[in-house]
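Here chain A shows up in two complexes: once beside chain B, once beside chain C.
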Partner chain A sequence: MTATERLTISLLWVIGATVFVVLYGPALMVVLLSFFDITREGIDWGSFGFQWYGRLGDNPQMLAALGNTLLVGACAVVLATALALGLAYYMKTGARRGRAFVEFVIFLPFVLPAIITGISLLIAFRELGLERSLITVTIGHVVLILAIIYRMVTIRLDSLENSQIEASLDLGANGRQTFFHVVLPQLRSALVTSGLLAFTLSFDETLVTFFLVGGDATLPIRLWAMMRVGFTPEVNALVSIVLVVTITLAVLGAMSLKEAMARK
Partner chain B sequence: MTDLSLATSGAGPMITGTPSPRRRQARRIVLRLAVYGLPALLILVPLATFLVYSFWITVDGQVVQTFTLANYIDFLAKPVYRGVFVGTLWLASIVAVTSLIFGYIIAYLVWRLEGRLRYLLLLLSVIPLAMNYIVKIYAMRSILGYNGFLNWLLVTVGLLEAPSKQFIFNQTAVMITMAVIYLPYAILPIFLSLERISPSLMAASADLGGRPGQTFRNVVLPLSLPGSIVGALFVMVLALGDYLTPQMVGGNQGFTFGRAIWSQFGMAFNWPFGAALAVVLLLSVVLIILAAAVISRHARVK
Partner chain C sequence: MNDASNTGADAGMSFRNLIHLAGVGKSYGAVNVLKPIDLVIGDGEFLTILGPSGSGKTTILRMLGGFTPPSVGRILLDGVDITDMPIFERPFNTVFQDYALFPHMSVARNVGYGLKMRGRPRREIDRKVADVLAIVDLADKAQRYPAELSGGQRQRVALARAIVCEPRVVLLDEPLGALDAELRRSMQDFLKALQRRIRTTFVFITHDQEEAISMSDRIVVMDHGKVEQIGTPKDIYYRPQSEFVAKFFGENNVLPARLTGSGASPVAESPLGSHALLGPAPADAFSIAIRPESFSVGDAGTGTAGQRSMVGRLESLTFLGATTQLVVRLGEGSPHTVKVRLPTPDLGNGIGIGKPVPLRWSDADVSILVARGAP
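Here is the complex of A and B:
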C-alpha cells in the first residue's frame, strides 16, 4: 500500500466512525436522558435514577398499548406462519400453475411503499364495512410479514430432498402424515427465525398501522401521540425499553439466521 | 349378527383410508381456492379497490361512484401539488445519493475486514434497522430541536449566542432525518454486492501488478456499483412514501407528497383524491423499481 492509499483508508475510517456516531448517537442520548430529570434550566445531572421507569407502570394507557402490540404481533405471526407454510408446501409438492405470480403477489406489500399498502387496506376494509380495530391492524401485519416467512420456509423446503417426501409416501404415509412427521420437524429452525424477524417487524410497524388503527393504539402509535404533546422523561424511559426489546429480538433473529445458514 | 358387525368394521377403515374420488376432488378445490384465493383477497383485491377509488369523486363529503378522471386532472392542474411532487422526488433523490455515498463507505470498510470484527461491524450497521422508526424520529428531534443537543452544543462552544430555530421544521431537517433513518437500508445491499465479487478477480488484478487503489477503481467499484445503485433506489422508494418523518420534523415548510396524500385521508377527508395522488406515487415507484431491475439484469449479464 502506498502512503496515499493508507491515508485514504484512514480518512474513510474517520468518516465511517462519524456515520456510526450519527446512527447510534441519537438513540443512545435518549437512553441516557431517561435516567435524569429535565427542568427549565436543562438536565438535572444530580437526579440520576430509575424514577421515570417506575412512573411507566402507573400509566395504564401505555401498558395497554404494549399489550396490544404484543397481542397483534403474536396473532399476526401465527396466522402468517400457517398461511405461508401451507402456500410454500403446496407449491413445493408438484409443479403448480401460477407459482411465479402467487409469489409476485405475496412480495408486493414488501416492495411497495407502506403508504400504498396502508391506503389499499383502509379502503378495502371500508368497502367491506369492517371497522378499524386491532383486527384490521393484525390483518395488515399478516399481509406485511407473509413474504418474509414464505421466503425463509421456501429456502428451507428447497434444500430438502424430494426423495424424503417420496420415500414417506411410498412407505404408506398419507400427505398429512408426511407433512407432520417428515417435513415439519426439519422446518423448525426456519420457522423460529422467520417468526422472530416477523415479530420484530410487527412490533415496530408504524406506517401501515397508522391507516388501520382504531381506538386501541399499538405502542408506536401511542409513542407518536405522546411525542406530539411534548418531551417528557417518561417518553425517554419508554423509548429506551422499546429500543432494548427490539434490538434484543433482532440480534436473536440474526443469530438464529446465522445458525440456520451454518447448518444448511 | 357377528358377520354383519365384522363387515361394517371392515368397511369402515377402507372408507376413511381412501376417500371417494368426489370428496377428494372437493378437497382439492377447497385447497386450491385457499392457496390462490387468500393472497388475492388479502393483497390484490385491496390494491384493485384502491385503484378504482382513485377514479371516483367526493361531492359534499360523500363518495360518488362515477368513473371520472377529475382527480388526476385536479392534480395536473394545481401547481401546488405538482410542486410538492417534484420537490419530494428531489428530496428522495438527495436522500438516496447520500445513502449511496455513506453506505458505500461503511460497506466497503466492513467488507475489507476479516473474522469476528467483520461480523460485529456488519451487525452494528444492521441493528439500526431494528430500532423503532418513531424512536429514531424522536431522537433526531431531540438533537435538532430548539432545546436540542445541537443548539446546546453550539451555544456552549460559543458558535451561537442563542439557540437557533434553523435546524428543525424545514425541508433540510426532513432531509437529514431521512438520510439518517434510511442509510442502514443501503448498507446491506451494498455489502452483498461487494461480497459477490469473486476473490480470484482481485487476486488476478494484484498478480498483474495492480496496486490496491487501481484494483479498487478498475475491479471492485465497477463490479459493485450496479448492486449499490439498486440499494440506493430502494432507499429512494422508502423516502418517497414516508409521511411521518416530514410531519414530525418538517413543520409547515417540510411538506412532502406523502404528507399530501396522508392529509387527504385525515383532515381533508377526500379519499378518492388521496387515492389518485397515491396512484401517482405508485407509478413513480414502479418506474424506480423497473430501473433497478434493468440495472441488476445488466450487471448480471456482464
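Here is the complex of A and C:
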C-alpha cells in the first residue's frame, strides 16, 4: 500500500465518521441527556439515572399523546392496508380501465405539499360536517400512507406471475381460495414492510395532522406545543423510547424483507 | 379443411370421443388469432398441437382450460357444453409453460393443493400425493421448496400436480421448452410412458416437430391461426396436404405442378412426370412433395406397378454420416432439382458429380399439396 492510498483511506474514514456523527449525533445526544439532570451550569454528570423515564410516567398529557399517536398509526395502517390490498388485487386480476388515473390520484397526496393536502382535507371535512378529532386525523393519515402501501403491494403483485393465479383456479380453487392460499401468503412480507414504513410515517406526521387534529393531540403536536414553553428533560426520555421502538421496527422490517427475498 | 371426425381411426387406433371443439375461434377486435376450427379429441389420446409461435396453438389450449373464452363456437365434453364453465369447475388440469409452482409451498403442498381445494380428507391427500410423487420419482423431495429444485424436477412437480386430481384431460403448454436438449429427450420418453400408464388424454402444445412426431397419437398442425392438417405423425410426415406442412417437418422436395386432363381423370403434371390424381382435383396450379428418402438410385427393379424412374444429373453430394445427401437436377437444362437421401452404404461406384443418376421412386410417395390459401 502506497502512502497516497493510505492517506486516501484514512481521509475516507474521517469523512465517513463525520457523516455518521452529524447524522446520528443529535439522536445519541438526546438519548445521553435523557439519563442526566440539566442545570444552569450544564450537565450534572453525577445525576445518572432513570429519573426522567420515571417522570414520564407521571405526565398524563404526554402519555395520552403517545397513546393517541399509536392508536391513529395502527388504525391508519390497518385501513390503508385493506384499501391498498383490495385495490391492487383488483387491478392485477384484469385489464382495468382507469388504472393510470386511479394510481395518479392515490399518489397525489404523497407528492403534493403537505400543507395543500392538510387544507384540502380540512375543507372537505368541514363540508361534510365532520368534527375535527382523532378520526379525521386517522383518515388524513390513510390518505397519506395509502400510496406507500399500494406501491409496495403492487410491486410484489406484479412479480407474481399470472400463471400462478391461473394454476390455482385450474386446480379447482375459486377466486376467494386463490386469494387466501396463493396471493396473500406471498404478499406477507410486502405487507409487513410497507405497514412498518407507513406506521413510522404516521407516527411523526405533523403538518397534515396539524390541520385535522381536534382536542386530542398526537405526540408530534404535543411536542410542538411544548416548544413554546420549553422542553422538559422527560421529552428526552420519550424520544429515546421512540427511537428504540422505531429502530426495532425498522430492523424487523428489513429482516422480513430479507427472508422473503431469500425464499424467492 | 380436414374432416374433423377422423379421431385416430385411420391409424388403427380407436378412441371414444371426449371433447369436441365445434367451430371454435378467437378474435381480438379485428385480429383473428384463431379461425374457427372443428376438432374432436379422443379419450386417452395423446394429441399434439404443433405450430410456430403466433399460430394460435396456445389459444386452443387456453380455451380448453377456460382461461380465454372463445369468440365463436362451443366446446363440448362428453356431449355437454362446457364453453361457459368456470376454470375451477373443469375436470382439466394444466402444466404451465413456466410451471407456475407456488413458491411459498413445499413440493408436497403444491401437489396436494388441488385435492385440498376440493375438500378431500387429509389422509387421502397425503396418500395420493405420496403415490404421485413416487410416479414422478420425487418422493425424497416432498418437503423441498420449488426454489430448491432443478428445472427438470420443477417440471415433474408441475406434472404431478396436474395428474394428482385425476383430470379427464391434462393440458400441457410447451412444458419442455425451458429444458436443455438432453433432459428434454428423457422427459419426452417419461411423458409418453406416463400418459400410457395413466391412460389420460394429453393435449400437448409444442413448436418442436421432432417432439410432436415422436410422442403423439395425432398431430394438429397450425399456422397463422388456421389448422393446416390433422393426422397421425406418419400422415403428417409422408402425406402432407399443404406446402406449409410439407416444409415444416424436416427436408422435403416441393415441386410445382399443373392440372391437366379433366373431369373424371385429372392428371398432375410436374417435373417428375405426370400421374393420375386419386382424390379431388386441387386448384389449377399447385405443388407436389416427395421426401428425399423416398428416392432410390439404380436401374434395376423396374416393372412394379406405380414405380417411376428418371435420369437426372448429380449436382452435389454431401456426406452426412449414416446417410448421404445428393442434389439431382431433373434433366438437362431443367430449372428443378431434388434432394435425395440415401443410406451411405447404398451409394454405388458410378456416382459422381456431373454424371447421370438414375432415380427411382413410387407414385405412392408423392403428395399432392393444396395451394396455400385455398379452402
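Criterion: the second predicted complex is superposed on the first by the 233 of 264 C-alpha atoms of A that agree within 3 Å, B and C clash if a C-alpha of one lies under 4 Å from a C-alpha of the other, contacts with A are read in each partner's own complex, and residues count from 1 in each chain.
Heads up, the rule we're going with is that a residue touches a chain if its C-beta (ideal position, glycine included) is under 8 Å from a C-beta of that chain, and two chains touch if they have at least 3 such contacts.
Quick caveat, the model's predicted, so the values are computed rather than measured.
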{"item": "Touched partner set for A:180, first chain B, second chain C, both or neither", "value": "neither"}
{"item": "Partner chain in contact with A:48 - chain B first, chain C second, else both or neither", "value": "neither"}
{"item": "Partner chain(s) touched by A:172 [first = chain B, second = chain C, both, neither]", "value": "second"}
{"item": "Touched partner set for A:98, first chain B, second chain C, both or neither", "value": "first"}
{"item": "Which partner, chain B or chain C, touches more chain A residues", "value": "B"}
{"item": "First (chain B), second (chain C), both or neither touched by A:116", "value": "first"}
{"item": "Touching partner for A:27 - first (chain B), second (chain C), both, neither", "value": "first"}
{"item": "Which of chain B and chain C A:164 touches, first, second, both or neither", "value": "second"}
{"item": "For the chain B and chain A complex, residues of the former touching the latter", "value": "31, 34-36, 38-40, 42-47, 49-50, 53, 102, 105-106, 108-109, 123-143, 147, 149, 152, 180, 183-184, 211-213, 237-238, 240-244, 248, 258, 261-262, 265, 271, 274-275, 278, 281-282, 285, 289"}
{"item": "Chain A - residues contacting chain C, complex", "value": "161, 163-164, 166-174, 177, 181-182, 185-186, 263-264"}
{"item": "Chain A contact footprint on chain C (complex, rising order)", "value": "65-67, 86-90, 92-94, 96-98, 100-104, 113-114, 117-118, 145, 147, 161, 165"}
{"item": "Chain B contact footprint on chain A (complex, rising order)", "value": "1-2, 4-5, 8, 12-13, 15-16, 19-20, 22-27, 29-30, 33, 42, 83, 86-87, 90-91, 96, 98, 102, 105-106, 108-109, 111-116, 119-124, 127, 139, 142-143, 146, 200, 203-204, 206-207, 210-211, 220, 223-224, 227, 231, 235, 239, 242-243, 246-247, 249-251, 254"}
